[in-house]
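Take a look at the structures listed below.
After this come two complexes, each holding chain A, first together with chain B and then together with chain C.
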Partner chain A sequence: MAGTSGKTINVTIKVWRQKNKNQKGQFETHPMKGVSVDMSFLEMFDVLNDRLITEGKDPVAFDHDCREGICGMCSMYINGRPHGPKQGVTTCQLHMRSFKDGDTIVVEPWRSAAFPVVKDLAVDRSAFDRIIASGGFVSVNTGNARDANSILIPKDDADQAFNAAACIGCGACVAACKNGSAMLFVSAKVSQLALLPQGQIERDERVLNMVNQMDEEGFGNCTNTAACEAECPKGISLENIARLNREYISASNFANRK
Partner chain B sequence: MATSPKLDSKIPDGPLDQKWTKYRSTVALVNPANKRNLEVIVVGSGLAGASAAASLAEMGYKVKVFCFQDSPRRAHSIAAQGGINAAKNYQNDGDSIYRLFYDTIKGGDYRSREANVHRLSEVSGSIIDQCVAQGVPFAREYGGLLSNRSFGGTQVQRTFYAAGQTGQQLLLGAYSALQRQVGMGAVKLYARHEMLDVVNIDGKCQGIIARHSVTGQLERHFGHAVLLCTGGYGNVFFLSTNAMGSNVTAAWKAHKKGAFFSNPCYTQIHPTCIPVSGEHQSKLTLMSESLRNDGRIWVPKNKADAEAIRAGKLDPNNLKEDDRDYYLERRYPAFGNLVPRDVASRAAKERCDAGFGVNGTGQAVYLDFAFNMKYKYGKIEATKKGIENPTEAQLDEFGHAVIKEKYGNLFDMYAQITGVDPYKNPMQIYPAVHYTMGGLWVDYNLMTTVPGLYALGEANFSDHGANRLGASALMQGLADGYFVIPYTIGSYLSKEISTKAISLDHEAFVKAEQDVQERINKLLSIKGTKTVDYFHKRLGKVIWDKCGMARNAEGLKWAIEEVRRIREEFWKDVRVPGEANEFNPELEKAGRVADFIELGELMCKDALERNESCGGHFREEYQAADGEAERDDENFAYVAAWELKEVGNWELHKEELVYENIKIAKRSYK
Partner chain C sequence: MSNSKGFLKSSIGRKAIMGLTGLFLVTFLIVHVSINSLLFVGDSGATFNAAANFMAHNPVIRVVEIGLFAGLILHTVQALLLTLANRKARPQGYAVVNGAANSSWYSRSMGLLGTLLLLFLVMHLYHFWWPTKVAVFTDHEHNTFDEIKAVFTDGTMGIISVLLYVIGCISLAYHLLHGFQSGFQTLGLNHKKYTPLIKKTGIGFSIIVSLLFALMPIGFLIGFIK
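Coming up: the complex of A and B.
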């Protein structure tokens, strides 16, 4: 199993097993010997699953797709931290070189009332889709746009909007938050569009609708612990939450200004 | 050669630059009241699927969207890095619709349809307008205007980008448009659903069978038309830059129900990917082509140096300029490091095969930013700051900041995966499977050979010929979804207005569901000794070795037999754990790999049939003395469209490629 560096370690995996959202789950322990440190964390799970299948056991279900840190699908809660010990990376970009020989690694699904477990480590994050559907867009039908360069956008605004738009919708912010709040996710989309001229027309409605939907989905409130920012693999800034609050207060106070 | 009567491309008459305009003005329309009664199924939610679904719903059609991921935003378009082309000529550097058209045809090695490519070029500008209107945060200049950069195979700057995350930003734009329609009730979303068959009734595609991944329930869905926007088949190679879930299943099921599959041997091997690190590797990671704007590709000039580097005895940073071979700049002075992907990939393979590769396996070349970081950007920044004689350290520092802003996320990703800092050391790269130009045959309307069944984006074969230029996949996906299908679907649906929704108890639905169920039962009942991945890896190795960057008749013949053996063993000895009626990712994977195996055979067959080298298809028997590809326009200027008779048995139909506007010529980047 050695990679190019030739280095291997032995670790013990304690992984959450849960058949579906209605049944109770429990931890299962698997020793993993000779793990190449060049492996990604998910590749280590591939090896584990290969073994479980060969032994006639049920492999561990987990969500993953692009394995390059951009699709937002992978979602493991590793040693008490969403996406594990490294700052600024998703689970798929975490490599075994971040662990030591002899480590015990505890792996759980995202835990939040608004993210029910599908199976083992896979959870249902469709609440995020519904939040976007409630207002995370600019209402522009195909074919209605004017020439792209007729909208001038100051570079700083464009850059800030881009930084907010870099959110991958993985839900680590919710998993990290003791309140299970989705404020960082919601604020990233609200900020992106509030910073751009294209987003101005629907600015008030957008923030009111998205916050309303967020509450309906059962996400908790924000108490400014900033755990979301610390764990976000894409470095989405807490400033976005401040902007969300400003947008929300402004929209609430002036909702009848039309 | 004459085009097969079974392939009517329906290209409109008239001069090339007026075909699309005239078509749009004369195509049959569906009135708003009738649109409300017409249901369209969209499978796949990437750029093509999301943009098509949103646009069709905006027009008033009833739309259902299916994706296998947990959210439509996960589709693999999200991972596209570098950019999207458009003939805007914002840089005043001589770009035009014709030039983008010409570059694309030439880049595709004269194996794509003129009319389709010209249309793509024509709508390219509108895509950028649409995306900006949605709030896609493209990179901008200080004056507030959009920024552009260069990509391979072109000499203008026409690529729009959002750092190294252009695909993500474009997909999130299309996804937001889609979700807006979901919120308005115009689109019904079926996430975690995998399409497992199409249902044809009265010679038309009228629905699908889908499996809900969480419950395992099979579902029947009716549609007046079905759009497959399901991406490419690069994962046939096991190792590719595709997402783990990317698969050919939807397209392959359609193929088995009558849709012809075109040019499966045209696969794109991308030159700049992170090299394989070990046998545990599950996927490969692309380093965007945009890096070739500033990265210079080289290997040592002397074998002894290459050996010393491989043995870890020589630091490449210390190798003198004169001892480096910038082989792309040497061989292709006009385009240098920005030659098209197929050319760059083969050149890397050639150097590595000749013994000049630079990592432990000898399968890597350098992509080096040091020169431009210091002497291009470092100097510019120093000049800006008024420093006349900057020190090396200053140049390094200034250049570092510029490179970080341009490519920061890519450099971070590289460091993360390899554990090596690319600001201090040249990147090691090697070609990897990235994109597939082949796909379901479609006519000008994007309809397959099955009426009512369409293929959009990477899932079809139409626009890129034998090689796709960088930053053109995003363009094509969005062109098909936003600006082509909304018009062309009318030519079919206008005749379907009196077709009533078909009962889901119709025998065709019942039979299709039964077949799907039986296949699932079969996969679960084999209970063999080998995992799905075992077969997938074996298949991937055969296809990579014999139908990868270089192919020859002997190898292909062997590969066809070997793939057949793999198929046989798979159906005897695969072990799929779990049950049908639960969340079972291994079962999903098994179904996909079974389809990849069947496709793998067809890829080799197609490659064997095409006795020429063109684009991504390089047959070793057909090369010039200098190693350049030799096309055979007299005998092979056609689209291969394969009709499946039964598994392992196909009939080839040919669509002749007629060039009326471009003089077909040897493709040279020298």
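Coming up: the complex of A and C.
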């Protein structure tokens, strides 16, 4: 590999092990010697798992997919912070150079009643899928393909919608929130459509259904600590939560319909 | 397709109640600190007593007072219910939490600060609200200024009272530091131009109001309010 530093560190990994959602879990300690600082955090876990498999032990289950910070699958709670000590990155984009020689690194799964542990560090985030599904579809014209840019959108609105749409649904907001609230996620998903002309037709219905589903899944209530915003790997802003509040208050009380 | 029935049961609706009652209590603080600042006039409480007397016998204020207690109770009960729901949302906690990395301690401690404020309020009402009520209903001659002075200049008890009041004011400052701007955010009142202004106003309000309140017992104790 070009550009490697060749530097290595020794760290101790304290990782949460849990067979399934019904069994009690516990921490397991693994010393990791000679870890290249150029490794990503997940690659370090790959090395650990290789070793565990060679020793005939059960490898640590963790979620991962693209390993380039865009899919939202990786989900480790590292030393008290979702996705570890760096801002604006997912766990796959966290590198061992962010740690010091001799560090003990505590790795836990997302903790939320709505995200039951499947195994070890892997949690079931299908609650997010159900929230998205409850939002329903947007009405679109069928027939011939239309000219591009036939619907004009103010630049500011387009930018804000795009920023909201950057949410990858990883659940770090829920993991970071002391209340286990999913407001940042839901607010991003509501905002990306509420800001655009294409999202207007189902605007009220969408926010009512999504918030209702969010509450049913058992997420907590937002107290505006802004921990979610600080930990979001995609920099989703708290302004979205204010917009969600506004959209929901308005759709609940002021929509001029029966 | 409106949802006004479900609204008050929803997480956002319940938070809206927190925000509305919180901001309502803020308006009360404005009135309270304004009138109490007359203690600093330096005329042995003549101006202050006149204002206090007006407030005690004003029917409009008496009706608003009922609303105030209702708001306070709603704010407290709702906070308790929401806190319980939030606990349920994370039945198993983390072994390591680095909260300082992503949020301020006081934004995470609104429940604790609110509890301190509630305890303070019980003492505060016992000190001043209750005797005033008794005086109004029994039509007794009542000198509020002297009564306040007595609480804070009563030897060792006076010093303890001043300390407890200062702790109450510090709790108030931090509770407001988060609560003021948080109330607006919860009600969806966010704006590129006005939100920075709301945040600055909130910081100024929290510090100035709490400091003015804290200076009152201190003033009686060290004697610059005479």
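Simple rule for what comes next: the second predicted complex is superposed on the first by the 240 of 258 C-alpha atoms of A that agree within 3 Å, B and C clash if a C-alpha of one lies under 4 Å from a C-alpha of the other, contacts with A are read in each partner's own complex, and residues count from 1 in each chain.
In this section, a residue touches a chain if its C-beta (ideal position, glycine included) is under 8 Å from a C-beta of that chain, and two chains touch if they have at least 3 such contacts.
This structure is a prediction, so every number in the text was calculated from the model and none was measured.
Legend: residue contacts after superposition of the two complexes on their common chain; A:Gly220 is shown touching chain C, with no touch to chain B.
Judged by the touch definition given at the top, the superposed model places A:Gly69 against chain B, while chain C stays out of reach. Within the superposed three-chain model, A:Ser134 lies in touch with chain B and out of touch with chain C [touch as defined at top]. When the two complexes are overlaid on their common chain A, residue A:Val89 makes contact with chain B while staying clear of chain C. Within the superposed three-chain model, A:Leu238 lies in touch with chain C and out of touch with chain B [touch as defined at top].
Contact with chain B, but none with chain C, is seen for A:Lys119 once the two complexes are overlaid on the shared chain. In the superposition on chain A, A:Val47 makes contact with chain B only, not with chain C.
A simple residue count on chain A separates chain B from chain C, and the partner touching more is B.
Those residues of chain A that touch chain B in the shared complex are 1-5, 19-20, 36, 38-40, 42-43, 46-47, 49-50, 52-54, 56-59, 61, 63-73, 88-89, 93, 95, 97, 118-119, 122, 124-126, 128-129, 132-149, 151-155, 158-159, 161-162, 165-166, 168-169, 192-193, 196, 198-199. The touching residues of chain A, when paired with chain C in their complex, are 27, 77, 79-81, 85, 106, 108, 111-114, 176, 178-181, 204-205, 208, 211-212, 214-215, 218-227, 230-231, 238-239, 241-255, 257-258. On chain C, the positions that touch chain A within their shared complex are 1-4, 6-7, 10-16, 82, 85-86, 88-99, 101-104, 107-108, 110, 178, 181-182, 185-190.
Contacts from chain B toward chain A in the complex involve residues 51, 54-55, 58, 69-74, 76, 78-79, 88, 90, 126, 128-146, 162-163, 165, 167-169, 172, 175-177, 179-180, 182-183, 189, 191, 214, 241, 243-245, 277-283, 285-286, 359-361, 412-413, 416-417, 419, 482-483, 486, 529, 531, 533, 575, 577-578, 582-586.
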